[in-house]
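Okay, handing you the structure first.
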Amino acid sequence: MGRPTAAVVGVGAERGLGAALCRRFAAEGYHVLVAGRTPEKIDQVVRTITAKGGGAVPVPTDATQEGDVIRLFDRAMAPGDGLDPADLVVFNAGNNRKVDFRNVSAELFEDFWRVGCFAGFLVGREAARRLVPLGRGTVIFTGASGSLRGKPGFAQFAAAKAGLRMVSQSMAREYGPLGSHAAHVMIDGGIEGDRLLSRQPDLATQRGQDGLLGIDAIADTYWQIHRQQRSAWTQEVDLRPYRESF
Amino acid sequence: MGRPTAAVVGVGAERGLGAALCRRFAAEGYHVLVAGRTPEKIDQVVRTITAKGGGAVPVPTDATQEGDVIRLFDRAMAPGDGLDPADLVVFNAGNNRKVDFRNVSAELFEDFWRVGCFAGFLVGREAARRLVPLGRGTVIFTGASGSLRGKPGFAQFAAAKAGLRMVSQSMAREYGPLGSHAAHVMIDGGIEGDRLLSRQPDLATQRGQDGLLGIDAIADTYWQIHRQQRSAWTQEVDLRPYRESF
Amino acid sequence: MGRPTAAVVGVGAERGLGAALCRRFAAEGYHVLVAGRTPEKIDQVVRTITAKGGGAVPVPTDATQEGDVIRLFDRAMAPGDGLDPADLVVFNAGNNRKVDFRNVSAELFEDFWRVGCFAGFLVGREAARRLVPLGRGTVIFTGASGSLRGKPGFAQFAAAKAGLRMVSQSMAREYGPLGSHAAHVMIDGGIEGDRLLSRQPDLATQRGQDGLLGIDAIADTYWQIHRQQRSAWTQEVDLRPYRESF
Amino acid sequence: MGRPTAAVVGVGAERGLGAALCRRFAAEGYHVLVAGRTPEKIDQVVRTITAKGGGAVPVPTDATQEGDVIRLFDRAMAPGDGLDPADLVVFNAGNNRKVDFRNVSAELFEDFWRVGCFAGFLVGREAARRLVPLGRGTVIFTGASGSLRGKPGFAQFAAAKAGLRMVSQSMAREYGPLGSHAAHVMIDGGIEGDRLLSRQPDLATQRGQDGLLGIDAIADTYWQIHRQQRSAWTQEVDLRPYRESF
């Protein structure tokens, strides 16, 4: 048996959850396919991993494009010399932004769905096509509190995330018994990453230490889900900062 | 004050929920805009209503087309002489079909979303734009058990329906306090209508009397939701046949 | 066939939900067994009903006492000349009060359960024993937002209400197919009744018109649930004032 | 700083979840208070741990008795020389049995509540009283699929478990921000332990390998929850065997 392979879809800035997942999986000995839309960003994530002796390759991927997703899985399942086909896949793409419902354009509503739900479907389906015949593998989807609740200003986000959750559930019910593990992680609260902090630089200070979700802390739970013995698998788990109101 | 107006989006066969809603609202004195994709079908629904002395007009509408939805609301809010602007809107469009997840094409997944969720968003947003400034009105969305759970073979359906539910929730939380009532009816079980019975003609017999959801019985609950006094509004309610396992 | 009979358990002040349910059922032609702990209160509720020509009798009942509940059902199922056995039962007992969790005594936690959950079990079980053999009847349980969520200071309340909800669900799943309808109404918000207004007299004014749940408006939904044709039964429905945040 | 201390409430047979939790915590370096009703059983669990060099003491405890729970916490918070006060508490007591609803006696319904919910409240409250002032600690409650759903024959079980879940939620919302972590693990499926296998000896064979929940696999997730960094805490997680239908 060779070295294991993982694919993380939806990797952006180095200080972001996607990147943290890549680093964690690499630290655990995985060869990681770093898939994201922006070549400079995923290149940077790969450089950091390889600088520490880990294995990673950038795979520029627009997960809303079926062809891109198929190509990603083609590589993930035949990753090269000494590498096993991927047995760990994470779908981590998604937008978020508050928009007054009456001002949500048809294009915006569709765009949220395309990135947050349709892309997840494509990744989930390709994972099912490739992993289920092997009777193994873990597919983890990143959810949010919006996966369960529609709040004012977030219809476009919640509609996408709730749809993604259903993809994850349908997969879990169907493919669990065949040996492939589908899980859904609901992240409730702000993530201490570039996306949030570039918009609200003072937020981390305002919230106090550990008041935002640490990306490495989140990545730890993803890793533990992958490690679970199949007699006790998690389908859904929530994560939030200790101070978060819910 | 004139005669009240309702718009029902997603009307098909006469023996279907959309048509039953139109008939019920007409019987309660409403002028009904009967909106659906197939002119022959909505014409027939209108004929039955007018033959009994009720008021109804067919409005050919593809609810996945923003222009169609806007035109429908233009008419609904200026329905003509002696008629009040619409204060009752139902979104009842949607598909259902079991498809093996690995065989769900990107097109199929998108089509389910477009009909079951995106169209509902368009209707909900137009309703919000038109009704909220008036501080009144009821908007009811047709949900299903798939709104809450993803079962094998139904990812495409559940992803759309769960998204639609979030649209309804976001609207309820935002526009309830402004006087507009958004509700979500989760129909759990087979509906005794053309769509189901044309595919499975023996199903009604197999299930026994009242073993499928009667379309007039469902319509009664929609009507009662509209009638609710604003001090005690329903956001979500389920409906199923007494024999249904759940 | 004679006149129909209903039993409402948990009736207190005239300006309260229990009393409003009694009045509504009486107005619909029901003979009502008005069951509550305080004789003066239920006598008053009966007087108001009979003064308007309705039929009602007081049945002093501590619903936490098995013997009381059994005696109530003995009367409800053999209500007297020209009266049919009861086919409509409401369980409406329950406490609410915010208490700091660390100060909740064992006695208080038990008392909340006894009134809010155990009494509901006794009423549900007796209803099942009596109605299911007849293949008919409606049993409605009063729930709350605490049925679904535990908030700080409300553990004792939510633990009781969530338990009551499970009683209602178990009954619905088992006895629905046998013809008896169990439903659960989740009331989210303050009820415009004596219990709340005697503690916070200014609350109705603060909340504005219809800012609290009107007892007659709530009673209307209970009545509509009872009226539902069995091909489209509701198991669960929420009710809240239009202005309520949720 | 000394050696850390844990308390596990609801320990029975060696081949059971409570015992597995004790062994796991001991293997991680914890001194474990092994609390259960049957002295012989908890003595055996302690012997196995100490034989492997771990630290554990038996604490005969009827968790439905307030005095017992208080005494347990008195010991847990002052565990002796070189030992730190407890910072990890698990509530794992509970019954399960299918009983026809109409045959559930008042005593049986109460007994399920007393063991499955009231005892959990006592443990949770004592944990809150002792851990919250220290601004730390983890309290994990064992739930089940019945925590969320009432199935026929399980009203007594679901009513208790749903109540316990509310205790856990109320604690999480209130004490999370103060540094104490309350979590709820919903175990969905049969546990491969003495309780189940003594009643249905062939079940493990019928279900196939990993078809029942392995007690060590479950214990792993409890441990990971305790290890979570406070910026990404789990409140609720489910666990089920890969083959389990849900």
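To keep things simple, chains are lettered A, B, C and D as they appear, and every chain counts its residues starting from 1.
By definition in this document, a residue touches a chain if its C-beta (ideal position, glycine included) is under 8 Å from a C-beta of that chain, and two chains touch if they have at least 3 such contacts.
In this text the structure is predicted, and so the values were computed from the model without any measurement.
Shared contact partners of subunit B and subunit C: not a single chain qualifies. Inter-chain spacing, taken between the CA centroids of subunit C and subunit D, is 34 Å.
Centre to centre, using the average C-alpha position, subunit B and subunit D are separated by 46 Å. Each chain gets one centre point, the mean of its Cα atoms, and the points for subunit A and subunit D are 31 Å apart. Among the residues of subunit C, those touching two or more other chains are numbered 173. Taken as a contact graph, the chains are arranged in a single closed ring, with each chain touching exactly two others. Of all possible chain pairs, the ones that touch are A-B, A-D, B-C, C-D. Against subunit B, the residues of subunit A that register as touching in their complex are 66, 101-102, 104, 106, 109-110, 113, 117-118, 121-122, 124-125, 128-129, 132, 146, 149-156, 158-171, 173-174. Within the complex, the subunit D residues that touch subunit A are 173, 176-177, 179, 181, 192, 210-214, 216-218, 220-221, 224, 227-246.
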